[in-house]
């Protein structure tokens, strides 16, 4: 089977994007537009829940926003001035519709919908306890744990019950919650996952990235703060911070790869940070070459930075097809290893006889890098140098990012020489961890209280990891998924 | 309705791509890969016909190659060592499956399959005469005319009947024909549409562009010559040239926009010609600016050329979404004019306060240019200069390219000043027609016998246009399509 | 819209049929066959759950058993030696897949699947209390109440928790439950809904009707007794009766219409009881006529009984089409009132000039009777006499039968004369309630402790009706259904 | 695989039913209703063509009329006051949509649509000649031959061309043709296949059976005569008879099985002819028994006739399920031979210990008879006597009826004793060929010029059989079908 599936490429994948609107007519249509702009954060499934003042309405679908939520009948089935939505990329392989968010439940207080970006690192332990007391779970999603904690909380008001639930969970979460009383947006105390607030006329908007504000024409107001709950009732906004204050640790990989280059996260333009990393790479790891070639499309900004810093011309040496499909039949030996060519093809006329510097954002398993180096050689490149715009990825993420098990991370298995050999490059360099912090305006990474969550590079996890420590939570959820089939 | 459909953008569209394989096991799988690489030449429908030595097998589908021809069951239903295929973009709006190629008929000589890129400019006149004599047409395609001419020819051998048919048709055609005796590939006497030949081991391959050879790992051998018939029987190849020799006139728009940048057409790399055009533009129409910004993705090579020539930095000022859909509901006035943002979003952090040069490959109606200039201004650009890497498009194409009627071509209605006003740019320039020929290595366009068909820019059509002269052929085919529904 | 939908005809409809198998390879395939034989008890949706010793597997689908559960891939996805299934006809109009049974939950004790025929008449009150304590419902089905009662019960063993749940519910239920420990089949203390037990080799089978045993080639063993729990673990069978003993009150309408004529319920052959009712009708309401004509197909056995008792020949005066569809467009006035003809057509050659006795099993709204009398007259019948093989249906059912609200029951609105006029018959008679009991071998209906539940005829409900007394439960469930959409 | 497919039962199958309407608004909706009433004549596919005064519109679909032509959007896509339709059951197994009728072609004279019931017995010879002259066939249907004969005829008017075509074809045909000038209905010179004419207000209607007139509320006018062309232009009707007059030979199997019991063919009520056959059987083959049991549903009228003549009571000993599906998985040995039970189940309570006479309309392969006799025995019948309401079926039909090859016809292989043994009956009798003619009001079958086509019983074919004589036409068409795939 030959594949052109963009999901199969060698990247870490964000699991989710979320988007919410309060106090706008046609709220669901805005959510659809916003989710479309966040599609890169999750391509597996999407869902929207709206509230029309009396009833909640939900539509969920496997697949992309476009094709599912660009249909008149679907949007008309989601009336109301309040709505939120979710795009999803699953970690566990459990792709059933029942796990597609927003999740919804009828509580005594009325309807309760929730959209979650992140991962709760003690979900399995909480679930076991809830089931023991008689709660019945509908999904294998860690997010459902929050709903049952709210349903069974001894507090009286919905808000108190919700805070009670949040205090019991650990891990990373950006949440948008809808109740008959309004919308609540919040971020975990460390602000690991991003969430921004915008305005469109009188409407209040929450989104994982500013690009989703741009697409609906909304104005960026501010980030939701780590540990903050923003409570919206119509156009009225209230903020509370029920947690003890901690120094934030936003995920640094948002700048490396997750966010779109046209987004601005915590006052840093993604595009310019990536160019900075590229320039830093040119300083840290220069090379004598004829062409700087980005691995499309995520390597482009860093490649421009590298080219501008080094003076080597930036050229399109790899052409990416716009037309992707899942798999193609492999007709015997003649067309072995065609997979990568369906998506990427070398620009032979340009490359022949040239010394090229390839710029990519990261290496996970190394399989794509190997194929691309090979493609350059087959096209006649004289030398192939690989430069990576992030430090080596050596550790799994437990905060809502799809990481392969450690044993599959190239940088966890091999040293730089081994990796260079593995991908058959003439040379290979990664930007340093301090270089990465420099691209973000810091002088270096502070060993105590670094400004970002960089656990995938450093192994320094900012929260406890209850399920992981107890046993393999992933395995438990996989088992659950199978049993609930 | 808001749209992100790439078909709706402001470009001329190639109608078709064709691909054929002889003497390879799993021929249909190779055709599927080749068609996928030619998908940019036609996204509406695709089809493959194979011949297993006894039977012909055909599968046709609306939509992309991926999703239809990457399925095991489909490929298994197309056995044999000879196969050809077609991707289609329709001009007339008649999108019925019966028009999807390869077309197939049972003649007295046995099966006959045909895939056609181009347009027959006397098809309607020939059809009327054939119907008068008792031929029954199954489709509204001009290509079917060829089949009936073959079926009713008085010549004895299939090859003579086929040449007899070709001598009666006028216009542009690159054809791949399959009969029980083998495959015939041919190009019209002027070679208006492209067709190349390659080898993969012992297998012979024909394709509209070299990129399709790359994808299957085949070696480029040569172009099929204008007016040449290449006859393949297994691995045996024979060439005949039944027409009087004429100076060729290949379509110049292949270099401007149609072909993929990684293809090589008639010894000219598409990518380097486009960079040359960009450089030529920088010479012909310089501007004092801070950033050179391509309109993605087709404007990128010319923008690199413009930036390298002018020394102004190349930057990604417009981010293109990878996720496209057909239409999104427009939720009232608040989100008016969102269409373009779903596909393209301004990189605000970069553009604010800057003087930008936008580079695009062509302007057809001007609607997209207007939106993109506006997007730059809304993102805070200080000045917006538009540079176009082709001359003004002023005339319709009758050779298999989807052109709007002349009245809708911006350059047919307005002069340069009018166009600049229409798109609200600070300045606008097109490369000159001689500049375009220079980018292709000529000193200028020869008034007598120019080397290319450039009728869309000059109105100088290299063939007679029988149907067009008699009446509106398009109208007649539209009527036919309706009546056959 | 003209309809030939058999669901739209003028009958009360059984809501469900259930079928379970323990200790047979390919259990799910047997369940599919059994459900197919019970299809007349519920045509809206079907589901099967199997247990393979480790995992539970469920497949649910809207529509018939055939078309959904006759597919290899579906049956292969339901492995294991224990399985149960359900066919459903909904009362509330809430046709979502989440209400299709078997319902399934992961309890602390492991998986728990339940299939239910009947209706719980205090489900709404129980549900309110469960939600107040933090239970989250997934469906609007009354059956889910049982699962939450089990999940939150304070008893220790699953069996004690299940009995605890049953003791809290009131109404009618025949249940098949699957747990990792085996299968439990039970009937409510009055045995309102039927449930029989059979053997196929070593396998134990439960089914709503004996016809489902016939179809799988199983031997009928006995009915599950009212108030009995039959607990099966592999081939081992245990019976317990946790309720206080009461005289049974099985639903009499099973003989009138619900069960198939080839089933045997409580030692009475359905076919012969229906013939007896027909003969009784001929005695109670004789008429001088030429032909006895059944309303197909449910009126046939009673018509044979009537013909044999009266000596008037039995003839097929109405031909029923085997091909039914949902709706046909009505092309203007010319073809008004065609609905009934699509399903039923008069045998004109037979009827012309004859005095006919029509035999039908029951009248609910009277709409079909009116059309059939009219059809007889249009076909030239000299006289049309209607005889009904049940007493007038005057009361709603709250035990799992879809009854229109009382105001729509013809017999609740009009006396015999009024009904005769309404359907335009020359005469109309119903069998008497005592006549009905006679057909079942009783001398008459005992006023105290009658042997059957005949509430639809008499209004004498054998259980309390908590939800109904508190308010309109139907309305509450309808509201729920809307809110959960 | 267990099957309940009604197509798999042991019957000859009519290939087609046709229906046409002229001069009625909403013509297509009437055609849909008419085709639904003719569904028993062909369940594989259906099609409707309408003409709105300017354009022809066609919709074809695999499957039943209901489900395809009861949809608003489909009927709205078929505007106009003239329409015709077709239901199809294929003989060759070639079930492609391109063979679904009405077939349509654009001739020089304009649109031409044709719906055909019957079979052209020299279609293959004609087709070879047409292809030789350059005609290109779109389908493997014999009907398309007629269209090409019309298209290539040397006559001037469409009517003359059509008659020219009819004079070249041999075999059986009832045709409805639509042209821009109106509708033509015709029957072959022997009138082998039926066709009747009716009126609905001013509208003219043609149908294969009167039951289709009943369903739309139309009045029966007369049969189209053998060899007659009825030409309708709006409400205006003209009749011509271009063929030499011959004594008609309508297909006798219409009374035995094909037509619905509520139809009247050539002044004989199907129902009463079938009762007559049953009575004749009781005279020719009496038996001492307790119950007369029809094989449902086609055996019912003959069983009523047998019961009334013999005085033995008519009873429903076999219950037929209304819910049919294609196939069920067979779960091992335990449920072997379940096929027949899914559709038919024995009424055990009735049959046990009784001597039964089973009445069926015909025996083709004998497989169903064997299963039904066995089912009676397993239900405890003391004796099982089979009586068949037609003579032994010994010969293939070449006139549009799906017959197995002769080698599979039970009566072509075995004598009466052998057949009795094969089906394990205590006795078996068929009605005599003279008895069959008696039931139709004749004294006996005339050896010279019998009044009906009874070739399936007698081998006396009323036309020449060119293709059959030349070679196996069925094989040639099968080959064609494969090659055109």
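A, B, C and D label the chains in the order they appear, each numbered from 1.
In the analysis below, contacts are C-beta pairs under 8 Å (C-beta built on N, C-alpha and C of every residue); 3 or more make two chains touch, one makes a residue touch a chain.
A quick map from chain label to UniProt name: A, B, C, D = Amidophosphoribosyltransferase.
Predicted model, so just to flag it, every value in this text is computed and none were measured.
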item	value
Target chain D, source chain A, minimum contact steps	2
Identity of the chain that, by mean CA position, is farthest from chain C	B
Between chain C and chain D, centroid-to-centroid distance (C-alpha), Å	37
Inter-chain centre distance, chain B versus chain D - centres from mean C-alpha coordinates, in Å	52
Separation of chain B from chain C, taking each centre as the mean of its C-alpha atoms, in whole Å	63
Set of chain D residues in contact with two or more other chains	none
Chain pairs that touch, as defined at the top of this document	A-B, A-C, B-D, C-D
Residue ranges of chain B in contact with chain A within the complex	2, 4, 6, 24-27, 29-30, 32-33, 36-37, 39-40, 43, 64-67, 69-70, 72, 75, 200-201, 203, 211, 214-217, 260-262, 264, 269, 271-272, 297, 300-301, 304, 308, 313-316, 319, 321-332, 334-335, 338, 341-342, 345-350
Chain D contact footprint on chain B (complex, rising order)	55-58, 104-108, 111, 131-138, 147-148, 151-153, 480, 482-485
